[in-house]
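Chain lettering (A, B, C and D) follows the sequence in which the chains are written, and residue indices restart at 1 in each chain.
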Amino acid sequence: MREITLARALGEAIREEMIRDDTVFIIGVEVGLYGGCFRVTEGLFDEFGAERVIDTPISESALVGAAAGAAVMGMKPVAEVMYQDFATLVMDQILNGAAKLRYVHAGQATVPMVLRAPFGASGAGAHHSQSIEAMFCHIPGVKVVIPSTPYDAKGLLKSAIRDPNPVLFFEHKLTYGIKDEIPDEDYTVSLGKADIKLQGKDLTIVTWGLMVHKALNAAAELAKKGIELEVIDLRTLVPLDTATIVSSVKKTSRLMIVHEACKTGGYGSEITDIVTREAFGYLDSPVHRVATPDTTIPFSRPLLEAIIPDEKDIVAVALSMTGNRITEVENGI
Amino acid sequence: MLHKDDLIKMYRWMVLTRTFELTMNDLYQHGRVPELQHCSVGQEAIGVGACYGLRPEDVVMPSLRTRAAFLVKGVPSKILMAAAFAKETKLCGGKNTSHHLGDLSLGIIAGTGIVGGSIPLAVGAALACKLKKTDQITVCFFGDGATNTGNFHESVNLAAVLSLPIVFVCENNQYAMGTSAKRSMLVDNIADRAASYGIPGVMVNGNDIIAVYDAVQNAIQKAKGVPPQPTLIECKTYRWYGHSQRDPVDGRYRTKEEIETWKLRCPIKHFREYLKRAGILSEEAIRETDNETRLEIEEAVRFAEETPYPEPGRVLDDNYAPVLEV
Amino acid sequence: MREITLARALGEAIREEMIRDDTVFIIGVEVGLYGGCFRVTEGLFDEFGAERVIDTPISESALVGAAAGAAVMGMKPVAEVMYQDFATLVMDQILNGAAKLRYVHAGQATVPMVLRAPFGASGAGAHHSQSIEAMFCHIPGVKVVIPSTPYDAKGLLKSAIRDPNPVLFFEHKLTYGIKDEIPDEDYTVSLGKADIKLQGKDLTIVTWGLMVHKALNAAAELAKKGIELEVIDLRTLVPLDTATIVSSVKKTSRLMIVHEACKTGGYGSEITDIVTREAFGYLDSPVHRVATPDTTIPFSRPLLEAIIPDEKDIVAVALSMTGNRITEVENGI
Amino acid sequence: MLHKDDLIKMYRWMVLTRTFELTMNDLYQHGRVPELQHCSVGQEAIGVGACYGLRPEDVVMPSLRTRAAFLVKGVPSKILMAAAFAKETKLCGGKNTSHHLGDLSLGIIAGTGIVGGSIPLAVGAALACKLKKTDQITVCFFGDGATNTGNFHESVNLAAVLSLPIVFVCENNQYAMGTSAKRSMLVDNIADRAASYGIPGVMVNGNDIIAVYDAVQNAIQKAKGVPPQPTLIECKTYRWYGHSQRDPVDGRYRTKEEIETWKLRCPIKHFREYLKRAGILSEEAIRETDNETRLEIEEAVRFAEETPYPEPGRVLDDNYAPVLEV
């Protein structure tokens, strides 16, 4: 076991898969010589050379399309788009290209590619701060993964690289520095399985990415008041692990969804929809979404802090949702 | 080097392509085929000339209008026809139109219906071949209109910088739907755009099948060079019919005279006359080719009509590949 | 009053706004000389000339970005993208350009532009059949409109052109031929207001575009069985007319959402989320989404018909949702 | 024609820009400014030379690194500094970074942070000016890396075809982050890419402010012609510092020697020497300029520090414009 950052865990996953399978290669803007904008691919250029660690011109559409084309021809590309905000530039290559290639070939083609992109607000302004995973979750043919811990990040990325389908792998920038103990030996974390990061009986939180940590912090806070949160880290948004979510909600009878993406059209409502149907009658209170309001993300810190969901927001909503129970606790009943 | 037999085969592919297209044209007008056709009549020399010299393992990315590429690369005409009829075929199982189908076993990748959008995929195919150190060549087709898209620019530049074994073949039929190339670019020759990427740009008469063949073969040599070098080939040609069956032959965007002038430059007639003059093709053989191809396409239509539709129950298959334990 | 098609109604709206306001202009691929791929802009090139009816090269990103830039400088562009499937090519110019320009100028800029695009399955294959409105509903800064009738289409498009914000105006291809009586004089239909196309007390259907008509047909069918559907045509997806939806559901206690877009990540769940919270306790049965399953859209008719929601699907789900009630009716109680 | 006074003013703008940049550089390293700077030191001649001859109504689309454009177009240094401090200013109210702000009253449109993504917007501004029949010119800045994007290709071609009054100014500092232009394109001169669009391409020494000024003024004449014609101007220059403050000055992608060689070609030093030789600028005046600009920037920093942060309560404002009854 060694303690490493999430960024390093990702780098290790790529490196080990490149060693394991020589059809794996990296392609992107500044992924090579420069070591990656967030240093995830650092060292790989020196180790594997310019053939397998391919720097491209600023041509995101072409490079992601090329990854899809190479995948069809038997390679396993790991493409990077420097910020998820720029992934809008490759939306066409994903939606009309990568995601459909297998279908239009009636199953003759496989498209084993990964597209990595960092997301989330870190104070870099309107065009480098967004969380637009929901757009990609609406594309049949792709899988969507967002890790929250170094352990998961490494295991999920390995599964993503080995998966025969296009996997969109989004990493919250503020999770890159998070440290964790991870095993020395090879392991994977399966796609499509949520992880219960904390067991609890009073309220289920479904979340992903950086928000997992905020939820866990809030849970620690609430535990002091006797409220036990169950925190589910989705890890894979598509395909969704419905069973884990629904059985948790049946236990706790309350559901809060937390995401950094803006609320309207966010992926949170997908979960509301499923839960309010599959656990109909189990809910003691309406589902609540804690999310960034519908706005362009501002640069200035005080503005940013006013909108990005944090522990305080989660605690407040949890308290209001568990109102009765708290009163009980406070009254010592 | 092309031998007599090759020339005869190339001629036959052109005639077969045209017969296929004219038949579909007719079928569509009588409501007998569901696929809205985008007819390639007048442009047959390009798909045939470019693909004739390719090996089975070489890769082709057809454009919307490269019907010939499918045939020459080995898709049986009856399968192609059945695809246009939206019938069950192994090729695409009714899942997509015949214009955008693929058969990896024949080296054909299905393009996207987005003009310019298939070019990045073709570049990726070439990249894969280079990384796998095979000597496969990728030939990527697109129209004049496609060269105005961002994907063209990014992709050709990327292929140049990465030094990929790819040949870009622009079928410049002078129109993108109702927009004359004169209205969509201020350059006379699309081949000149190659200069922006530091690769050779070659302009040929797209109605001269031998010129197309030669240009592509030369480009293949460059693509096989050390280091490999992509080429952009512009084939000047003309679209005889409307953009699609919904677009009348002589839209208000061009004149009847222009169409007639270009019909005089028919690539098939041109080649036939050449072959006749060279004593390679007799009147007899010409009639036979016409007959044979007509019969083949009639058979294709019969086959297409008789082939069942795909099973509705399989509609959701093939969105995802199954994950094998690893 | 004259009876005209929806396509004509749109053309009239643009024409009348061009006459009314000389900053209005059209830009797109084949919108001019050719008259538009679906003939919506037919005749405008002859009437207003190449200056105000601008044909462009196949350069969707540039033309939509140019529309946004021109809007900031005081013009009112009506841009067209030939199929919504291709709007992925302009996602960046919308998300990072048009939608944010006002915000990053701290309110100094206005972006009065309209982006029109046809959507929906009509048998044209995987890349010309999609319904991806949900992706755009997740973009703060834009409005999203989808008409279902010629009357609404004309009135909504006029409002969209006069609106000082970027409005994404999506038209289902199979509604173009629908005919309606519309007034001779100028009128508008306000953005942000849903329309109750049919009053009923047993079940609320929320829908938009072509599906409005399928819902109305299904309602006629169900009426024979004594089940009264209330059919709400959203017309504007963003901003959403929450009040109309919620008060209808409070009345009927049942909600079905119908959309042609594929289910996961579709806009339907947004409505589930809002209703299950704002009408919590009012629902007699879970909310049901009737939508295309998560798949690439196939070309072949039998495949297509197997997945696109139709009257039969709506009737079946309505029957199952109103089960008790039907049994009552059938038993003559 | 430039007069003596103009030259002195141009010199002052360059010095002011550099002082601004070096100060921010320093502030960032000491954690005193939140904005991650993308320093333009070494490239000042381009923004100043291109914008100096513009009228207030002319429109500018700055790139990530055109600090000078803001100053010359009229944004007070203290407001620009306050923006970098993420403070409340009328300009952007803390809503975006100082690199991507706009002030329509000064003819500056805020760019997007997407490389190449602002070019379509600038083309639209030029289109609006043409349609409104004003004689405003739009000047659009971008880097060498941006010319590899699809947006560059589509936009320049669109501007050419629509015959728009726009000048494209490429600041070729030879690097896009850590990627040398040599690794991202096979052409030596970006100006040559103009040929693909049938418009003039002009290459100038981007460290020679007069050469830049002249090239832009010539291009403006073409943009005002009948019909208007866009021009692509390539200004060869060099980025002295890292891509951003997070990137060390001499990354592994370039050598110290290369940087030092280019520092010898400093645009400010070059111009100062010229002005001295021409007797336009005395040692005295040089010192005064240094002093003045230093004081101005010190004052800007003070102002920025004292300016309050924006009200959090206003964070949601400005996403939508209010609809007025019509």
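A few notes on this one:
Here is the rule we use: a residue touches a chain if its C-beta (ideal position, glycine included) is under 8 Å from a C-beta of that chain, and two chains touch if they have at least 3 such contacts.
Every value quoted in this text rests on a predicted model; they were computed, and no experiment measured them.
Contact tally for A-D versus A-B: the pair with more C-beta pairs in contact is A-B.
Centroid analysis (C-alpha atoms only) places B farthest from chain D.
Between chain B and chain C, the centres computed from C-alpha atoms are 36 Å apart. Separating the centre of chain A from that of chain B, both taken as means of CA atoms, is a distance of 41 Å. Mean C-alpha positions place chain A and chain C at a centre distance of 30 Å. Residue positions of chain C with contacts to 2 or more other chains are 56-57, 59-62, 85-86, 89, 92, 96, 100, 103-104, 126-127, 140-141, 294-296, 298.
The set of chain B residues that touch two or more partner chains comprises 92-93, 95-96, 100, 112-114, 117, 148-151, 154, 157, 161, 183-185, 319. By the touch criterion stated above, chain D contacts chain B in their complex at residues 148-154, 157, 160-161, 183-187, 192-193, 195-199. On the chain A side of its complex with chain D, the touching residues are 29-30, 33-34, 37, 55-62, 85-86, 89, 123-128, 293-296, 298-303, 305-307.
Within the complex formed with chain A, the residues of chain B that make contact are 59, 90-93, 95-96, 100-105, 109-110, 112-114, 117, 119-129, 131-132, 150-151, 154-155, 157-158, 161-162, 317-324, 326. The residues of chain C lying in touch with chain D in their complex are 23, 25, 51-52, 54, 56-57, 59-75, 77, 92-93, 96-97, 100-112, 140-141, 143, 162-165, 188, 191. Note for the complex: chain A touches chain C at residues 85-86, 88-89, 91-92, 94-96, 99-100, 103-104, 126-127, 130, 132, 134-135, 137-141, 238, 240, 261-262, 264-270, 272-273, 276-278, 280, 285-289, 294-296, 298.
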